[in-house]
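Have a look at these structures, which come just after this line.
Here come two complexes built around chain A, the first alongside chain B, the second alongside chain C.
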Partner chain A sequence: MQLAVLILEDERPVREALARDLGHFGGHVRIEVAEDVPDAWAVIDELDRDGDRLALVLADHRLPGTSGVDFLVLLLDDPRTVHTRKVLVTGQADQQDTIRAVNDAGLDRYIPKPWNPDELRSVVRDQLTDHVIEHRLDPLPHLQALDAARVMPLLRTRGDR
Partner chain B sequence: MPTDVHHPRSTLPRPTHLQLAGLVVGLIAFLVPLLVDIPGLEPAGQRMLAIFLLAIVLWVTEAVPLVATAMLVILLEVLMISDQALVALPEDVLAASDYFAALADPVIVLFLGGFLIADGAAKFDLDRNLAAVMLRPFAGNARRSVLGLMLITAMLSMFVSNTATTATMFAVVIPILAVLPAGPARTGLALAIPVAANVGGIGTPVGSPPNAIALGALEARGEGVSFLGWMLLAVPLMVVVLLFAWWLLTRRYIAPDTPMALDLSSSFDRSPAAIVFYVVAGATVLLWLTEPLHGISSSTVGFVPVVALLATQVMGGDDIKALQWPVLWLVAGGIALGAGIGATGLDTWLLGLVAWEALPLTLLVLLLVAVGLGLSTVISNSATANLLVPLSLSLATGLPIDATAIGVIVALACALAMALPISTPPNAVAYATGEVDTRAMATNGLLVGGFGAVLLATVLPRVWDRLGLL
Partner chain C sequence: MTDVAPSLPTLRVIIVADGALAAALTDELGAGADDPIGGSAHLTGIVEVVQVERAEEAVELVSATTAEVPLVVLSGRPGGVDHTIDTLDRAPSLRRASTLLVTDRAVHDDAARAIDGDRLDGVIAIPWTAGALRLHARSQIARWLRAHLPDDPRTGSLIDDTERPLELPDSEMLRDLEREPAAVTERLLAAIERVLGPRPRLHLPPGIRLTHQGEGVNGVLVVLRGSVALDRSTRVGDLRLHHGSTGPVVGLLSLAQQRRAFFTARTTTDVEVVHLSLEQLDRALRSEPEVGAAMAAVSIRALAQRLRRSEQLQVEKIELNRELDAERERLADALHQLEQARLELVEQARFATLGELAAGIAHELNNPVAALDRAASYITEDLERLVTSHPQGPALAQALTTARDRPPSSTAEEREQRRVLEAAVGDRELARRLLAAAVTDPDDARRLATGPAGEIALLEAAAGIGTAIRNLEVGAARISGLVASLRSYARPDGDPVEDVDVHQGIEDTLRLTAHRLAGARIARDYDEVPRIRCHPGQLGQVWTNLLVNAAEALDGEGHIRVLTDAPDPEHVRVRISDDGPGMPPDVLKRAFEPRFTTKQGTVRYGLGLGLAIARRVVEQHDGRLSLEADASGTTATVILPVAGPADDTTSRPQPPSPGG
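And now, the complex of A and B:
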């Protein structure tokens, strides 16, 4: 089982820049991209088929069709994504949208555009770590994508074998 | 808001090819001794052979979880070779309660105390603080720092599980790794922790499960070893192997001028609960070490912190739930297996298959150590001890060597296996950090483990003899 990060962003250059900035997570987590919400659900179906786990979504708000915030709210209704951590990466969410994202979608982080690549990586690492700790997942297969010092306590309960 | 709660779908893990093969081969191995008449083996022995072969296959392939196999052993013994056997046996057999008793064997009680103390040390952050304080004299030079880290890891690992020790010490080491330039120094440091944790586990009876398995089997034969007695037998090897590993790793990977800043800050929890815990833990360890003075067995002493920590509410129901019950039950399965093998006469029959007494004793011990080391490199250390300890102890009856020596040697051999990421959980953690590749782990693991194994098989029995420890 791999952990997956989904980048939902309609503008191709921005999408590619986000994926590039997360490049060195590749090999340790699965990075997927989607250009709109139907595309995002297709990715979620594919992850499910492969037995992988969507740990984190980085979503833009203003998208053609369904908005990013509406998508984040919908994630809570699907058993495959109810535990997915949610980050908005946007410059265009107004106060109403932001309030809805926090209150109804359980938004975990808000990254304003333009983002700082180091900060983006550190948010992703933190969110993945929180996800692993919260659900007591085995951290070892994903350790290099996580804050290793923070997940060490999870290993204590394992016992020798 | 919708009120229905989503349950994430819990799917069963899909069995691997190896696991499927394990189930099939296990079933065949189980049926053959029941269907084929085996000359020289009583019916009870034949049934026990079926259980033993099944246990070997299941523990090697992990077709079902290790602890499930352990529980299966107990169940099958009750159903097949006890007074409650479904098909009664003509000969005298153990009562079903004797097999169930493995779950509360004195060694399990000893471990219960050890686990509760170890978990308390984590709860009050005592392990990390002790590590910081003890590291102080080693600060300054990189190679000396690594020596300090390894000694402290080993000392913690004598009382805390090897895995938990590794987790604690990696939390200390990860910030150091993060600032070291990529390269050999990181590899050396990331290897030092698991090696020291694996080796440290041999130091006391509560250090790792194979010790408990050997101790339990020895006690069942009336040849128990005291806590201090075990330490006298094992600590010399532990120290020598540790120093060798330090020498090897620092010479190969760590230049003396490597910058290595250790976090030496400590802040001991001074809450009343923490202080009660320190007193209880300290008193328990003291009582373990002074058994010759007061004569209270280590298992009984191990039960004291269980009562004291629960009565003072320093630890409670949640802490009991969080104990590593699968490890305790895996050990219990091994104890029950040994009991069954002894009670049915299977041991005598198995040993009769080979003319062991024709082999030179040293060669025989070397063989045992090699089998223990080899098997536990690829399968669980505890499972190896579960399979090997009962056999080796019965082997000792016909030979001019002390059963205690054999039991301890087999347990220590299992602990020296550290050549692969899968050999031990500490190795798996080090490998997962990405700082150590399989090749580096294999080379150093074979060198350290091999060095230890040769000492264990050739030098250590003579040292014990010379010092009159047996």
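And now, the complex of A and C:
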């Protein structure tokens, strides 16, 4: 089982830049990209087939047809994604959307565009670590993508079993 | 029997009664066929008296003749007073008749309609004093003739023993009431002087106070000549309440209120008055009945005048209140319009400021964008030179170019390509890296996977540079486009511009408002349309308002269709439709009313203000803007003349200059 990160962004240059900035995680975490919401669901289906676990979604706030916030809300209704951590990456969220993302979609973080790549990676590492700790997953296979100091206690308690 | 000209109609009094009462009435009124209602015989021969038992018979009786009926005397039986009169009223000549009710009942509850319809002229109780009924009937007939047949020679002959016209009253007071006011005053004074002897006349100039408001009054003044005004001092100052309606006896009414003067009476001309102390007045009243009658007549007349004046004032007050209400409404309306105008001005000023800001930003952005664009091509040139010096130059150059020129593909297609590579090399991460290195051929992938370890990393870097350069170029081009749109959108207003492409303006607006249109799918249906003469910046505002309104109507998801065509060679038509819920008719009706709403504590310019401004701009272009809505959505239609606004005076009105 691999932890997966999904990037949902409709603009190709931005999508490519996000994926490249997260290239460091390659090999330890599965990075997937989707340009719209239907394709995002296709990715979720594929992850499910492969037995991988969607740990984190980075979604743009503005997408054609539906807003990224709507998608994040829908994730809560799917057993495969109910525990997925959610981060909004956006250039222009008005206050109302942000409030809704936090209140209704259980938004975990908010990254403004343009982003700093180190910060982006740090947020992703934190979120993955939170996900592993929260669900008491075995951190060992994903250790390279996690905050080692924070998962140590988990490693020890799991070792005690 | 007096001769009556054959052309004159017969006059007939009808008695509707039966039994003993009928006989008694016929006896009282008829008094023998030769002397009906005679009394002193002056009615002799003028009217004849007919008796019937029921109202229906009376109707039958008159319908057969041309006789006039000045009077009906009825008993109200059978069926009651209202029923009897309703029946009589079927005949026009009976409807005009005066009506006397003769009754032995103590209470009547059957005469409401008759009173309401003014159809009952007198009520006589049984038994009546012999002759009284006849007298009553005589006066009624005389008054009826005076009113209905004034030119009839018989009318003039209706006088009593003293040559007094029969329709005039007999009592001193009622007669005084009908006399000229000065005559009554004279009679009053004459009566007083009969008791007190000649009274001295007082001559007074204008401005003399005859009574003092709130002070005691110990006598009255009879005004023989001149005018007296009644003033009262109030919270809102001294008010003149009566002048024409003062009446000839000043101070009399104060007797009804503890002898305190309610008014200050003041002469307004030279006057001649006679002063009477209370004692003198008392003595005169006691000794001479005519003083009382004349005093009563004078008082009643003065009171009636004052009452009429007060009633007239009441009517005027109500009229004024109505006018005040109407005025208040007009004011509220004016205030509303003023507020709208203010909001429009605020919006205009805001747009003008934004326009200047946008033009400035657009200008400032040009340099960095040009630098970005050039930098991208310099990097490309320099890299090409660098790469050729590398041992794997051609392969690296190939990867760079492929990545840079890679056509857009969907993320699903990219995953499919990755899957193919994964099948070839058996490792998903390796497949991802190969794809990032612009490798798509499975054979190349297999060869690279088994080749030297650093080769893929090198190719990946080269392809990464290619992708970065492409994104630089795309980004710079996009910013250039935005800057160009911003400049044309925010173009300062001047003279109308010739040869403007409406589509270009709409596209600029779509690009600049993309963030407001999130969620809406835009469908363009552009027809060939002529270029027009217009103010492009102002039209940009129109497109912005219509597009943003459409997007807000969708509330998240739906379609906006922009359709252009030329309905005739002189006009261009732009229709912007959404498939939202459509505006309810009452909202649609008020959609152009400027107003603004506050939402979440910030002032937002509402739908209406935007539409009001849009419509004004379109109308200044001699065009038309209309809205239609039904359950399938809302459509805004703009029709613009190709020739543009008639002249330059139609450009944006300037805010009023101070002191202007």
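We take it that the second predicted complex is superposed on the first by the 158 of 161 C-alpha atoms of A that agree within 3 Å, B and C clash if a C-alpha of one lies under 4 Å from a C-alpha of the other, contacts with A are read in each partner's own complex, and residues count from 1 in each chain.
Here is the rule we use: a contact is a pair of C-beta atoms (placed from the backbone, for glycine too) under 8 Å apart; a residue touches a chain by one contact, two chains touch by 3 or more.
Fair warning: this is a prediction, and the values are worked out from it, not measured in the lab.
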{"item": "Fit-or-clash call for chain B and chain C when the two complexes are aligned on chain A", "value": "fit"}
{"item": "Which superposed partner A:Arg121 touches (first chain B, second chain C, both, neither)", "value": "neither"}
{"item": "Which superposed partner A:His83 touches (first chain B, second chain C, both, neither)", "value": "first"}
{"item": "Chain B versus chain C as contact partner of A:Arg156, first or second or both or neither", "value": "first"}
{"item": "Touched partner set for A:Leu143, first chain B, second chain C, both or neither", "value": "first"}
{"item": "CA minimum distance (chain B, chain C), superposed complexes, angstrom", "value": "17"}
{"item": "Intersection of the chain A residues that touch chain B with those that touch chain C", "value": "none"}
{"item": "Interface residues, chain A side, partner chain C - complex", "value": "12-13, 15-17, 20, 23, 26-27, 30-35, 39, 42-43, 46, 62-67, 70, 92, 95-96"}
{"item": "Touching residues on chain A, where the partner in the complex is chain B", "value": "51, 76-80, 82-83, 139-141, 143-144, 148-149, 152-161"}
{"item": "Chain A contact footprint on chain B (complex, rising order)", "value": "2, 6-9, 11, 66, 122, 161-164, 166-168, 170-171, 174-175, 201, 208-209, 322, 324, 326-327, 330, 380-383, 424-425, 428-429, 432-434"}
{"item": "Complex interface listing, chain C residues touching chain A", "value": "408, 410-412, 414-415, 428-429, 432-433, 436, 464, 467, 470-471, 474-475, 515, 518-519, 521, 556-557, 600"}
